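Every chain is named by a letter (A, B, C and D) in the order it is written, and numbering of its residues begins at 1.
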Amino acid sequence: MSATAELRSGAMTAPDAPPRPALSVEGLTISVRAEGRERALVRDLSFTLAPGETIAIAGESGSGKSLTSLAIMGLLPPPALRVSAGAIRLDGEDLTRLPEGRMRAIRGNRIAMIFQEPMTSLNPVLSIGRQLSEAIRAHAPVSRTEARRRALEALKAVRISEPERRLDQFPHELSGGMRQRVMIAMALALRPDVLIADEPTTALDVTVQREVLDLLRDLQREMGTAIILITHDMGVVAEMAERVIVMKQGQVVETGPVAQIFAAPQQPYTRDLLAAVPRMGDGSGAPAPAAETAPVARLRDLCVRFDIRGGLLSRVTHRVHAVEGVSFDIRAGETFSLVGESGCGKSTIAKALTGLVPHQGSIEVAGHRLGGLSPREMKALRRDVQIVFQDPMAALDPRMRVGDLVGEPLLIHGIGTPETRRARVATLFERVGLARDQLDRYPHEFSGGQRQRICIARAFALQPKLIIADESVSALDVSVQARVLDLLAALKREFGIAYLFISHDMAVVENISDRVAVMFMGQMVEMGTRAQIFGNPQHPYTRRLMAAVPVPDPGFERPPLPRLAGEVPSPVYPLGKAPRRQILRDIGGGHLVVGAAAEGR
Amino acid sequence: MLAYVFRRLVQSALILLGVSFITFLLLYVLPADPVRQIAGRSATPETVENIRRQLGLDQPFIVQYGRYLAGLFHGDMGRSYLQKTEVAALIMARLPATLLLMLGAIVAELAIGLSLGVLAAVRRGGALDQSLMIASFVAVSAPQFVVGLLLLYVFAVKLGWFPIGGYGHLSNLVLPAMTLGIMGSGWYSRMMRSSMIDVLRSDYIRTARAKGLGRARVLALHAMPNAILPIIAMIGIDIGIFMSGIVVVESVFGWPGIGQLAWQAIQRVDIPIIMGVTLVSACAIVLGNLLADLVTPFIDPRIKLR
Amino acid sequence: QDYTPDPNAKPGGNIVITYKDDVATLDPAIGYDWQNWSMIKSIFDGLMDYVPGTTELRPGLAESYEISPDGKTYTFHLRKGVKFHNGREMTAEDVKYSLDRVTTPATQSPGAGFFGSIAGYDAMADGSATSLSGVTVLDPATVKIELSRPDATFLHVMALNFSSVVPKEEVEKWGADFGKHPVGTGAFKLSDWTIGQKLLLTKNADYWRAGLPYLDSVTFEVGQEPIVALLRLQKGEVDIPGDGIPPAKFTEVMNNPDEKKQVVVGGQLQTGYITLNVEMKPFDNVEVRRAINMAINKDRIVQMINGRATPATQPLPPSMPGYTKEYAGYAFDPAKAKAMLAEAGYPDGFQTQLYVMNTDPNPRIAQAIQQDLAAIGVKAEIKALAQANVIEAGGTPKTAPMIWSGGMAWIADFPDPSNFYGPILGCAGAVEGGWNWSWYCNKDLDAEAAKADSIVDPAKQGERLALWSDVYMKIMQDAPWVPVFNENRYTMKSARMGGSDDLYVDPVSIPVNYDYVYVTE
Amino acid sequence: MTDVISAEAAPQPQGALRRLLQRKLALIGLALIVVVTAGAIFAPWIAPFAPEDQMFDGLTLEGAPMPPGDKFWLGTDLLGRDLFSRILFGARTSLVIGVVANGLALLIGTLIGVTAGYFRGWIGAVLMRFTDLMMAFPALLLAICLAAIFTPSLWIVAMVIALVNWVQTARVVYTETSALAEREFVAAERTLGAGTGRILFRHILPHLVPMIIVWGTLGISTTVLLEATLSYLGVGVQPPTPSWGNIIFENQTYFQAAPWLVFIPGAAILALALAFNLVGDALRDVLDPTQRGRD
């Protein structure tokens, strides 16, 4: 649309040759220099990308996907990492040999990138408008107002709500999904030839992921951008890409058209990868809900509210009604899942259960009633309830050895001698599939999946009655996720532990839960057994959640879904006001649904 | 915001009250009698007693303090024992100079410290980084009197670029502000270096580079504002640290600020002046901290003042 | 009797004088540090005055005076036509008002004690009177002052700044701030005072001494570090560094022939001494005190301060009347001192403390003293404190065994031997809060001193001085002090300054007599 | 062969010390600290003269100090005392001030900052308001008053310096601790049942170490100079006891006439501060497990 873009595409049109690749990578090898030795992290990677095409790079964590994309951008962190062989060609020019000045002109302009982590990839102190127009002005000599106009256009293109207002907002004022849209707008503002999207949706919940993926596809159709999509989610691959490259340990395992790979994977690794993908069904099969055993946790009318202060004397003026009147039981030995989109209050329930936030209503866990417990009783309670957090890196003290971390609960509760403790930790390590000789390492020396296993080992150390897993597998790649889920199932079978499983991934939930509760804005909208929820979803919100899950089948035709681009409704109310309580009705067999059938957003 | 400022001001007032009480108490128990200073060497014992009574120094501590406070509320800081002048007048005559000097010093130390810190962070581990590290320690360890005299000798006497001491022109300000700022620049360059190293590792810097921005722009626009955040609070603390340096710097450069006033007052136990200067400097520190806290949200929109 | 004007003197010009400390006040009833002393002298006049550059009395605002035979009544005839800076003519009422003012307790004058001999002083001091009964205005040009006892120093007292004549209406107008808005009859008037920066004195065109002052104005810049002041003098920006030549620069200046020419050396009515607290063991033993006197190596101390002093033998400085020239003092003889200590019962010496003010060079001098004492086995711990704390310790009974007086040393208020006795060696000062830090109180000497001071007749001056000399010799027998040195004054002036060298080491107007100096360019 | 690999994979417990000793700069720093400490301890045997001995030939006839030379290696001071001997003995004072007093200040500041930052609530509020108050209070005045009320001696001076110097540390530690207390791993520890003490000492304090090291090393020269200021005001270490700071202060006006009197003790302070910084920097990297493998 812009003059520059037209000029360039005109220049590119060669007389009669076959369509030139937008980008080609030839024998790319990336090495790291550590302790005086050079080690290849990515070896001999080659592929070409045609204009308008989408290639997916899939593979387990640490297989070199991000490094490849950084190499293409010329952003490998010096001096440790460098491209040691091969070439990356754009218009016949080898980007690996380009001086920084010329490379800078290409970055953002011809090749743009969306990073894995939308939360940290935007500069927190600059307004959205500023960050957008800056990208535009870096490559096109336009005035400030013109840049702002184009920025607004870009924001409109990504269908963000209230685009004018966003220009003057700051990243922290936007939700994760909105930030990712801003990132996309930024990347596409200059209509690059190539867009690299490194796990653009991993950090987002399903509904938002759905929207972002749709958006990317629409934009690509409109602008003809070639996309390199990096992901470990085979569902996303199936929906988005034409061709796929499967990587493992820095090397290509298999490559080919998506349909072909999904239909007939040639390599065992690819087969494993596909097998590990959790698929949604209709809730049938597998274990029946445990019988009416005694509950390990009873929540009655749980409310958690956070005060917002303001005014001259900093009185409470508003409250966040994070959890509002939630009641349920978790029975011994069952897996109870809590689903719902970001901010609906799932983590808050988990925190209330472990006594990390004050609450109203009643919570009984393992025979103790929370609230007003003495420190000793609290400590005793903690033997019975353990939590595995979403982000394992954040939950582990980075300055302690993992062996000490896992052994710490034993030490705190005075169990055993140093020798027996160490032995027990070693057993736990083996149990979760880690090696004994890794005991003396530090958290940052493990991969994400390994770290999560360390957290699980720690949670199991005391053999609690209830383990809360708060988004414990969301950030893991499929194969690791599958391993962790298997591990959880095995431990449950072995020790009869009950789980409170918090997730936004409906497919995972379906695969492991006994019972499921769906939350929306701090309240429960539907609850029932797995079969009831997945086989017979009643509430429209539940249905929406399920419809948003990407399907790992290239042939799948997605029914059109109304696009939403609003803000998540806010659970903040002025003092004295409270959200309307939803009333759950039993529609048979313990399947609870919010009253009015026409309930919507 | 307004509510925040209001609450902070109330807190500040309480802090000032605390400062005034402690100072008054310390001066009260100090083993030195101001009256003998006033009365001078040929005074007879009855003259001494007379003066003591007139100044109310024969009263119990609480009464003296109460009177002082009552005076303060009427804007009366008392009269200097030895200079026989309104303390408020003495301080007001000298305060602008000190504030100017502090401002100059803050500008100097930030300009030097921050830019060197950024330089060291960018050239991390290199020879430049190492020499800047040593330089920052020299800056922190150098006695200000010697630094001041050296600067004066080299730049004013030998090179004649600046006047030898004096007050009134911008050219007068340069050397004293530098002297006072040098120590701080050492601190700031160290702080800035480590803060900058953290920021340079962050994702948004990578994003900025991915946009194709130039190196200078990335540093100045994206890295600096973030790296400076942990340092802003230091600037508030700084004003307190300046107070002792100011005595030396003002005397070397003949700068007519409150430092010299305070120094003379301490030497001669001129209690009203000591009290006045202490309160004024406490005010400056408290306001400086408040200002630092108020500025932060402008640089970091995430911070809400509550 | 009077001063011959300098034939080369040229009127006009401005000079710059620097000081480190702020000028406290120019109220003549209050100002009592050596910095404002000379400034007040130039702004105000008293009935009496000194011949410039000397310690010789001459009449000031009084044209002449008479003393009654019993020495108790003084009648002063005032000069006519002398005007205050505000244009009003000065009268005898002003003289009376000024003396009343300085002796009223409300004024808080540190000099009130000097007027103790005027009849009615006691009633003033205890607040029962508001006017000195001994001072009467006979007519607008004559004032009579009656004393309650004969006082040989009375004319000197009348030359003190405290006796300056001030205009009542201005004092009442400014109240406590008169010190910032001084109005007198002197050669200069204050025309600008920027607190903390500078003062400007300008010539009083109506000055009653014809042809004076020479200078148009004098600028005092305050807050100037002495070293910096010297640098500025070398650059020609400053004419006189008020704080003198800083020790750190002294050798450099003296080794530079050009700069040395600008230095003026003179004596000073000053003695640096160590007090030995006679109320504290072991200094209650006179033998111990004598031994200490013999242990101090005064030459070494003088060498250490770059020879800027002369070793002292007795309390009085050499230029003071009453000084005993033939007295050699205690000889430096550590061996004998040690023997004397042994005899007094301290063969192994003893432990003691030496208080000292904390500004250079005093701690250094104290350390030299400490080393000398160590040589005879006396271990003295140095307590270097702020001036106020040393004064406090000295005036508290049985607290400070030894004090080095430097920095607070006695510079005479007026050139008379009595000035070295009363507060610092007499019984009157040996009280709580007093300045007699050796707590030496000898009733016989007090009587002898009183006797000397009642000899008013100028003809019997010799007899009086002999009595004083005797008093100080007896003091040296009892040895409550170790007189260490008499400081010389080293003043520096810019090359353009004119006038006799005496004016630059004026014993009364320190650092310089502004009224008589002039500039040559 | 296998040995080498396993040694790399699993670090030995003594690894920290070993890695510290592998750093050249840290070794230089350590050596300097050892030299200074040894100099201070063995001063009576090393020093060619007694530090308070005012020698006759230590001054010129005009009373000027002697420049560095054969007899007086580093020259003499204004009283004719041997500067080298004074520097050696002065190391005792300065080490006590720079290391003990500064360390104590760090300790107080850290304790107060950590407590206030972790507990919030009224304890935190009270502690931080107190810190604010102390910050608003001119430190020098407080030092002067305290030192004047208690008779000055080295240890009193050290205490006084510790009592006025903790404030800034408390402030920054407070900020850092409040941020740490919000981190998820602290919540995780709490859910394990870890007590307050354990969380504070095992999990929060180690994270403060880098910052404390920076403040500690920068604080060395600041405290040594503060001691000198106090001496200068007569409320510090009393003469003739030497300290590096008071040697500078006594002689600072002579920086032209006798530069050795100012610059030699100045260099000593600088060297000590630098040495601690070199060791501190290295220690910080070595103690930080997340820095392992990087260089």
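Basically, a residue touches a chain if its C-beta (ideal position, glycine included) is under 8 Å from a C-beta of that chain, and two chains touch if they have at least 3 such contacts.
Treat the numbers as computed from the prediction; the structure is a model and nothing was measured.
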| item | value |
| --- | --- |
| Pair sharing more residue contacts (C-beta pairs) when B-D is set against B-C | B-C |
| Per-chain CA centroid nearest to the all-protein CA mean | B |
| Chain centre separation in whole Å, for subunit C relative to subunit A (CA means) | 87 |
| Whole-Å gap between the CA centroids of subunit B and subunit D | 22 |
| Where subunit B and subunit C are represented by their mean Cα positions, the distance between them in whole Å | 38 |
| Centroid spacing, where centroids are CA-atom means, of subunit C and subunit D in whole angstrom | 46 |
| Sites on subunit B at which at least two other chains make contact | 31-32, 149, 153, 266 |
| Interface hub residues of subunit A, defined as touching at least two other chains | none |
| Multi-chain contact residues (two or more partners), subunit D | 148, 233, 253, 255-256 |
| Complex contact set, residues of subunit D against subunit A | 6, 8-11, 183-185, 187-195, 198, 202-203, 206-207, 287-290, 292-294 |
| Of all residues in subunit A, those that touch subunit D in their complex | 34-35, 80, 351, 354-356, 375, 378-379, 382-383, 385-387, 389, 391, 394-401, 408-409, 412-413, 437, 440-442, 444-445, 455, 458, 462 |
| Residue ranges of subunit C touching subunit D (in the complex, touch as defined) | 227, 246-249, 251-252, 254, 300, 303-307, 357-358, 360-361, 363-364, 366-368, 370-371, 381-386, 389 |
| Complex contacts: residues of subunit B adjacent to subunit A | 2-3, 6-7, 202-204, 206-215, 217, 221-222, 225-226, 229, 299-302, 306 |
| Parts of subunit A lying in touch with subunit B, wherever the complex brings them together | 73, 75, 100, 104-109, 112-113, 115, 117, 120-127, 134-135, 138-139, 170, 172-173, 183, 186, 309-314 |
